[in-house]
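Note that the chains are named A, B, C, D and E in the order they appear, and that numbering of residues resets to 1 at the start of each chain.
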């Protein structure tokens, strides 16, 4: 088997963020040798900035990257040559998170309130769309760029609500700390549902390594099935892997995975399959809200790598 | 006019090298050796600045300069005050100096939640970061400057019947000025960096905010436009500080008036 | 033993104040005045360190120290080399010095994509940030040190028939040492901060990485555990550097041997 | 004006032996007194005691029957100690600024500057002056305090012999006109003989000796080559180097 | 060993007037020659020209019929210029290190140190020494070059008159034993008369004058009080201050 190992093809993938429950399948595939079975030796890297995975995939520094659908469309409009090959999380994890005790019932109640967002136009657009859709006036909502401190911003009452935080992470953590927070899912208020996490590659890499990416996806699909089958042991693989140098909170990750798993699949569609309509809707919305200055052809933005 | 000419003459090598590098960068980017979304072509950056100069200068630069000015002024006041305190009291020195040193070792970004807790997203959170970053060199150099005074001078003034306040005002302060100035110059550079970092911790205007926002929107031209402006402002501030320093410390570069051998002054 | 005692005596005020602050912090946090996930109770931080000391020390501290050591060493070599270059060539000085100054004004985090592009997420991206942050004080102070040499000494050595190399080795270098040391000490502090920031820009181990990740998980105990370790390491490094400096520059603090008036040495 | 020093002793902190012990001196109005002694014999220390910068362990120093305090005398330190960031004029005005009560106008100061050959240099900084000029500025600064007693600590020690000669003659003329009392430190025996009415010899572990010069005034500058002065010098040197008391 | 300086001229860059112009000097083996002149008259400049630190605009300097170059003479600069980070021993060994070809052992250096009264101070740093000791270290450093011609630039200028006297006597004894040739700068006329065989007078805009001292050797230290020497001094002073040539 030594010979086999030497022949493995090296591949790199950059996560969207530090390893967490959503990445369980990747670690399971690696741990159980699914990648090796496909002849791949996968190296997992973590980014510093949420934009790095896209840029590095575009330059070919990494073969694959996990990113966001909105961010990929925005990249293409800025001329960054990246393509989505599969949808990892089929639905939005984002929404407007607010403190319950402030008497906010629906997005229009945010009028006169202060909403924190991470520096990106998309988040701004989300708030505007939601408030307008709910019959409020976006002008009356104060938006504060809170940099990278979403949770502390809300917890310290510097803002009344935040956008750009995930239901499977920030919401879980804040509740665990004893804050009474809830979320308005963005799909209920005029924002098209989107693939929160997608698997991305550079256009050049796609040309050169399409078959390898297919192999990667096969292995990952197999691992995802395992995780779905037995979430607890799937998560354990991740936790064990990380334990080497970073202790994750088991309870939080457990809860996170429970939230994620249903959002990662669609009964009627194979794992990872992307529909053109979703891409079209998101692209239209981004253009309408002026986040993208140039129109992007959604059909160019993705291919379905799965067989 | 003459000053400008001299300045150009002195820095012509630097300017030449800078232009050369920019031209090379332009060529490298245009020939796609480096993707434009990582390092944009200089021409694009200039274009971006020209297109957006109004908001860049009047909104963002203005905001950053406000944070910088307040933060640096407070850091200078607090830094000098602490140095004076340490100078007068060994107890204060022994108690506070290690904290001043420690304050430099803590990565500010790790403390960002605390800043948010204390200052929210007001101007003051950025001012706080600015102060934290520029405080250290100011304290250290003004303290060193104050301690540098020769004992002989103090004795001389005491022999004239000077009280402690007079000795401090007429001796220690002017003596500390050269050292203080170099501390202020370094502190100034760090204050500007501090204002930028402060804006990253949450802001709605300022060049730091602008660069981060542009980065979030994957607009490399915008990111570099902000960096270029920040650098230019930094160099201008440094230059102005150097000029003020030369004026105030003019006694340092006075050449001999007595001219026994008929020394010819070089232009 | 005696050294430790002296040290304790000298810093007892600082240590007292520190302990007092920690106790007060503990009380404040326990009485829920400040949310524990923003500023944790000191006891919790210590607990966290004790629970995770293995990975903290052997994985993360080790990784950070590796980056620090490589980065600082390279910065020292490059910084001193550049200073020597500028010392020997006015052209180099005029060309490079403004860049050195500029390098301090550009907020490093804004350059992170460039670092990532060039160095990926390898060790070298962190080393690069470390170098960038510690380079400036080393260059400036070694350059100042080299320039400080009195012309009289040079003439003396030339009168002995010394060549340029001998003058440089026997005169300029020892003369630059005091200034160089203070530059190295400041550079050292910034190198540690640089390694931490480098890890924020992408890493999978190191104390900077650890603190950032813990911050993402709202685990303030972990964030502060890393900060505490970093600060302690920084203070130790600074202390060691100061000791080496004292040894090397022992000639500076030698007191008079001739003792006409029978001066009694204080312990 | 009379200065009476009685039984003065002083030991520096951390020193075992006293630097000044049991010194008695009386200086009368208008006298020119020199203090000579080897380096480290405590000349500057004695002067600092008189100014009040240092405070004696025993004995007392009376000026006009009042214990002397800081600000009572004009003091010119061993190094010129001009403040480098002040112009010549500002340096000279320093004691006026500090004592606030002086009635000196800038006009009078200008006259003094002229007399010292410093006209035109009011706005110069000390680093633009030659050694002799610096000494004159430092001397004027002591003069301008308006005090009757001037303590000069080796004012000409750093000058070359030609400049020194000029400065000595200049000092004598100022002294004659201003009727000040001068207490002068030097290690140059010839200088002491040429300038003084009396010379005090300071030797560690010896009682202070006093020699009256007894040369007529005004003294021409080549009086130093007369046998009377040469002999006096020789006698002084023998006294100073003679180890046994 | 003969030093022949012919028609030497030197102008500092940016100066209008030459500092040294048309100087002629001949120094024979074993001579003790002093150069006197006011501050700024160019004494140090002339010495730097002889060492080769400065290079003349016109004329030439020949040592044993060869043009002089750097490293040919032992030079003691005006300030002692001891390297503060080197011990006394290391300071003295500096020229040996630089010229590499010296056959001096540390043992011989130790003997010199003893002779200079520096025994036990080998490992001391310069800032631990008194002024006189520093001067002796600086002098030994010039001696140890092993060169026959020693150029000493105001070696005793910074010392007090008592220490100076001791050092002069010490220097004479060393000179007598070592048979070196000494070219000595001073502004102290008495010192010049006491030490030298011949005295050169350097005056700006005047040709250089030469005075032969003509006193017997060895000279007792109180020869300075003899009328012969006092008169010589007086004559020298008149020559120096006499503005008309």
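Quick note on the criterion: a contact is a pair of C-beta atoms (placed from the backbone, for glycine too) under 8 Å apart; a residue touches a chain by one contact, two chains touch by 3 or more.
Here the structure is a predicted model, which is why all the values come from computation and not from measurement.
**Q** Starting at subunit A, how many touch steps does it take at minimum to reach subunit E?
**A** 2
**Q** Ranked by contacting C-beta pairs, which pair of chains comes out on top?
**A** B-C
**Q** Roughly how far is subunit A from subunit B, centre to centre by C-alpha average, rounded to an integer in Å?
**A** Each chain's C-alpha centroid was found; their separation is 40 Å.
**Q** What's the distance between the Cα centroids of subunit B and subunit E, rounded to whole Å?
**A** From the centre of subunit B to the centre of subunit E is 51 Å.
**Q** Quick check: how many Å separate the C-alpha centres of subunit B and subunit D?
**A** 48
**Q** Pull out every residue in subunit E that's touching 2 or more other chains.
**A** Residues 40, 130.
**Q** Residues touching two or more other chains, restricted to subunit B: which are they?
**A** Residue numbers touching two or more other chains: 38, 113, 117, 200, 215, 220.
**Q** Listing for subunit A: what residues touch at least two other chains?
**A** 49, 51, 55, 59, 152, 156
**Q** Per the contact definition, I'd like the list of subunit B residues that touch subunit D in the complex.
**A** For this pair, the touching residues of subunit B are 150, 152-153, 155-162, 166, 170-171, 174-175, 177, 249, 251-252, 254-258.
**Q** Please output the residues of subunit B touching subunit A within their complex, sorted ascending.
**A** Interface residues on the subunit B side: 35-38, 112-113, 116-117, 120-121, 200-204, 209, 212-213, 215-220.
**Q** Which residues of subunit D touch subunit E in the complex?
**A** 38-39, 130-131, 157, 160-163, 165, 187-189, 222, 225, 227, 230-231, 233-234, 237, 240-241
**Q** Where on subunit C is subunit B touching in the complex?
**A** 10-11, 13-14, 17, 34-35, 38-39, 91, 94-99, 101-102, 104-107, 109-111, 113-114, 117, 189-190, 192-193, 196-197, 200, 208, 211-212, 215, 220, 223, 226-227, 230-231, 234-235, 238
**Q** Please output the residues of subunit A touching subunit B within their complex, sorted ascending.
**A** Spelled out, the residues of subunit A in touch with subunit B are 49, 51, 54-55, 58-59, 71, 74-75, 78-80, 116, 118-121, 143-149, 152-153, 156, 158-159, 291.
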